[in-house]
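Letters A, B, C and D mark the chains in the order given here, with residues in each chain numbered from 1 onward.
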Amino acid sequence: MIYNIPFIAVVAMIFIGLFAVLFKRNLVKIVIGISIIESGVNLFLITLGYREGGVAPIFTSAPSEVVKNAPGSMVLPVPQALTLTSIVIGVAVLALMLSLIMHIYEHYGTLDVRKIRGPEE
Amino acid sequence: MSQMSKIVRTQSNIIFPFIMIFGLYVIAHGHLTPGGGFQGGAVVASGCIMLLVAYSSAWVLEKIKVSRLSVFESLGALGFIGVAFFGLIFGGWFFNNFLVRNGILFNVVPETGSTLSNFNTAGVLPLMNFAVGVKVIAGLFVIVLVMGYASSLKEWKQ
Amino acid sequence: MNWFELITLHSPPLIVAVPLLAAFLTPLVSKINDTVRNLFVLIMLSITGLLVLILGYDVLTNGIRVYVFGGGAPLPSGMNIPVRIMFEIDSMTIFMVIITIILALISILYSWSFMKDKDGLDKYYTIILLLVTSIFGMELTGDLFNFFVFLEISCITSCALIAFYVNKKESLDAAFKYIVISSIGALFILFAIGLLYAQYNALNMATIANAIQFTFFDKIVLVLLITGLAMKSGLAPMHMWLPDAYSRSPASVTFILVGATLAGLYGSLRVIFTIYGNQLLNTGFTFYPGLIIGIIVTALGVLSIFIGVFMALKRSDFKKMIAYTAVAEIGYMFLAIGSYLIGLALSVPDNPQMLIAGTYALKGGLFHILNDALDIGLLFLVAGAVYYATKQTSLNSLGGLARNMKYTTIFFLIGLLAVSGMPPMNGFASKLLIYQSTYQISPILSIIAIICSIMLLAVFVKVFQSIFLGPEIPSLKNVKEVPKSMLAAMALVACIIIFIGLFPNIIIDNLVTPAAEALQNTTTYISTIVGGT
Amino acid sequence: MSLRTTVAVVMFSILAVFFVCTALMLSFGNPMKSEMDDYIIMHTQNETGTNSGVTTIVFDYRGFDTLGEATILFSAVSGVIMIFRKVKK
């Protein structure tokens, strides 16, 4: 149970983010919420790849006992690569959302979701 | 966003070369140490963005055009996909690592196990790292530059 | 090996790489001239179309194709899990890719005049090419994480295109709504992919499908994947973004966005039929998993049909009505898929009649994908033409356009009949298949589908009457017919619609039936890579 | 407004059950299976000549993903420039 703290942290981050997206009324806070969910998912991927006592999967000047016990002594590399991709995706989405928010603020003069409703028809 | 004070500008002038060198190191040694094109590109881009914050986006826009940076980004992307196409032409498959054993450059295969860093390894990976690095530097810098310039225009209007 | 075999061998990556290369080159090419840029985009997409035809012919005659990036055999020696990314192309993929290339070519043709006097066009063409690339990637790939990457590309590019009219606040609003919903959906999908990776240590769809056990984790994964993809394809409870996004973007963009939503639908088909395909009749549970999935999907489909039709009845904005109709049409497809799953589950002990009915439903649903893209697309193109000529989209301020815009009127009439499933058009052929087969599964579903279809006809007759007929409005006296390239694009779609309507058997026999068989036959898909279980 | 809140709360709690169960059932520190990753760690040096396992995956084994990632950055930049363009009134 106590050993699962990284996964519990993942779930907590996803919930904080979802809470912000569902119940907050400020556009910037919604974006922060999405960002937090995304960090949670990235943390999840990284956590999946951890092997107890493992080091980074790099052979440049690696200690000899690590090399002798490979692959058991190295963490899994695939989740790290996936997380790298996912982080860049997050940056791109964040940039686009923030620039949309800047334009919305220019047109509506507010960031409140309740006031930003186009006319129904 | 107006220019910041003289202390900040001098400090950023001093730190900037070190950030650049570190970022370029990370890009160049992507196949040997932790890091690579994306990480190093992000480091260099954040160095450029530090200058942007210190000297205001209008000042930066006088020195360099958005369209030119955008061309750089296109070139980086073209380089990346070009390496992939070269794999198709020389290696027979899309994304083939055609340089790794019998290319002209980067063709050494290290011994299995712990080795010292040999820069001349890894086939097309250093080329791809470089292309991605150029792309990320230009891309991140353009995003922040455009957004900063737009917000400074609005401030000025009010 | 001559050059034709070489192109056939390498066509899967080239279908993605050629539009991508064109997208990277467009900012450089557009420095020369506008006409050169438009021609460049059109020629690059035509080359892609040629590659699609070559690949399609090859797959339909020789069976499933696998392309491994970086070369080598699919499986490394002595391993049971593929390491490299793969494309796996079966008949279903070919069906979707052909739809996409038709949509892309017509949209580029249409935007030649439609977007002519706008600015920011070089970025517009770049992003359109990227969107087309991402749809191709989603459809061709056989790797889950690669699917996610292309899904995100399509989210970002669609959002940028929806916000194309940056000086209209409604379109910014719609774009923000779209990107929030679709990025949350994409994060759910990423979480699900992480869970699958944790259990089976693989990212390849065929490998996961081979190993899957329907454990507790797999149920969570199924729910998350279907939720995320339904958010992308605009199924009923998650449909809020769709009417706004469709109605506030330029018409040429909407035409491709239809393709992007259909790619989301394709993703959910792959999840249900390929990844979970061997578990649909798992006997370890009280009910078959296929039955439960089928009931849920059918319920959501019926809900979509209801919401789409009733909201379309209430609106008075032309483009919004068409957008809600699109929601209803998505509902028809999910209804058909759900009917197949129910039929499959009911047929198991000794009731093969149900499986036959279900197969017809599946064929109808797949055929409807093609027809929906064309019908809804044609209506949006007509709406764009009306907007181009009059700068109005509200029903109240339009009237009597049939006098000045004869061709547009004819095209709208064709689209109207096709969307509401009237006999000479293509909508009739696919909807008839759905009605017949759902009647055998459950008569109520069939009756709902027919009634809603008739109500769609009522909606569009109202629109037709108030826009094109009636007295001429003084302010619209000087309206002219739209330019030739737009007319050509609409005429092309209308011709395809009438052709399919007159000879539906050609399409059903050559494209739809192989696609349905490919979906039903999970074992072949798996054994192509993993080599039999 | 209240209907919306109710739906949100229901969705939220369903997801809560799922995610918490997931977190409690996984175990940190020992992956269930690691065949693919072991293969990559053992073959990164003699197949691609690279010392870093992560770079091998990013640019060689899963290079196509990285092309997609570069495309995402490219499309985000194009989108931001397009959104901030000067519009003729």
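Please note the rule applied: contacts are C-beta pairs under 8 Å (C-beta built on N, C-alpha and C of every residue); 3 or more make two chains touch, one makes a residue touch a chain.
Model, not experiment: these values are computed from the prediction.
Colleague: B-D versus A-C: which has more C-beta pairs touching?
Modeller: If we tally the C-beta pairs in contact for A-C and B-D, the bigger total goes to B-D.
Colleague: Calculate how many whole Å lie between the centre of chain A and the centre of chain C, each centre taken as the average of the chain's C-alpha atoms.
Modeller: Centre separation, chain A to chain C: 29 Å.
Colleague: Counting in whole Å, what is the centre-to-centre distance of chain B and chain D, each centre being its mean C-alpha position?
Modeller: Chain centres of chain B and chain D, defined by C-alpha means, are spaced 21 Å apart.
Colleague: Centroid of chain A to centroid of chain D, CA atoms only: how many Å?
Modeller: 8
Colleague: List the centre-to-centre spacing of chain B and chain C in whole Å, with centres computed as mean CA coordinates.
Modeller: Inter-chain centre distance comes to 36 Å.
Colleague: On chain B, where are the residues touching two or more other chains?
Modeller: Chain B, residues with two or more chain partners: 32-34, 38, 70, 74, 77, 81, 84, 94-95, 97, 110, 113, 115, 117, 140, 143, 146-147, 150.
Colleague: Residues of chain D touching 2+ other chains?
Modeller: 22, 26, 31, 34, 36-37, 40, 45, 51-52, 54, 56, 58, 60, 62-69, 71-76, 79-81, 83-84
Colleague: Residue numbers in chain A touching 2 or more other chains?
Modeller: 14, 48, 56, 58-60, 78, 84-85, 88-89, 91-93, 95-96, 99-100, 103
Colleague: Could you classify the connectivity of these chains, where an edge means two chains touch, as line, ring, star, complete or other?
Modeller: If you draw each chain as a dot and join those that touch, every dot ends up joined to every other.
Colleague: Write out the stretch or stretches of chain D touching chain C in their complex.
Modeller: These residues of chain D touch chain C: 18, 21-22, 25-26, 31-37, 39-40, 43, 60-65, 67-69, 71-72, 74-76, 78-79, 81-83, 85-89.
Colleague: Can you check the complex and tell me which residues of chain D touch chain A?
Modeller: Interface residues on the chain D side: 5, 8, 11-12, 15-16, 19-20, 22-24, 26-31, 34, 36-38, 40-42, 44-45, 51-54, 56-58, 62, 65-66, 68-69, 72-73, 75-76, 79-80, 83-84.
Colleague: Which of the residues in chain B come into contact with chain A in the complex?
Modeller: Contacts found on chain B: 32-34, 38, 110, 113-117, 140, 143, 146-147, 150-151, 154.
Colleague: Going by the contact rule set out above, which residues of chain C touch chain B in the complex?
Modeller: Within the complex, chain C contacts chain B at residues 10, 13-14, 17, 20-21, 24-25, 27-28, 67-72.
Colleague: Using the touch definition up top, name the residues of chain D that touch chain B in the complex.
Modeller: Chain D reaches chain B through residues 45-52, 54-56, 58-60, 63-64, 66-67, 69-71, 73-74, 76-77, 80-81, 84.
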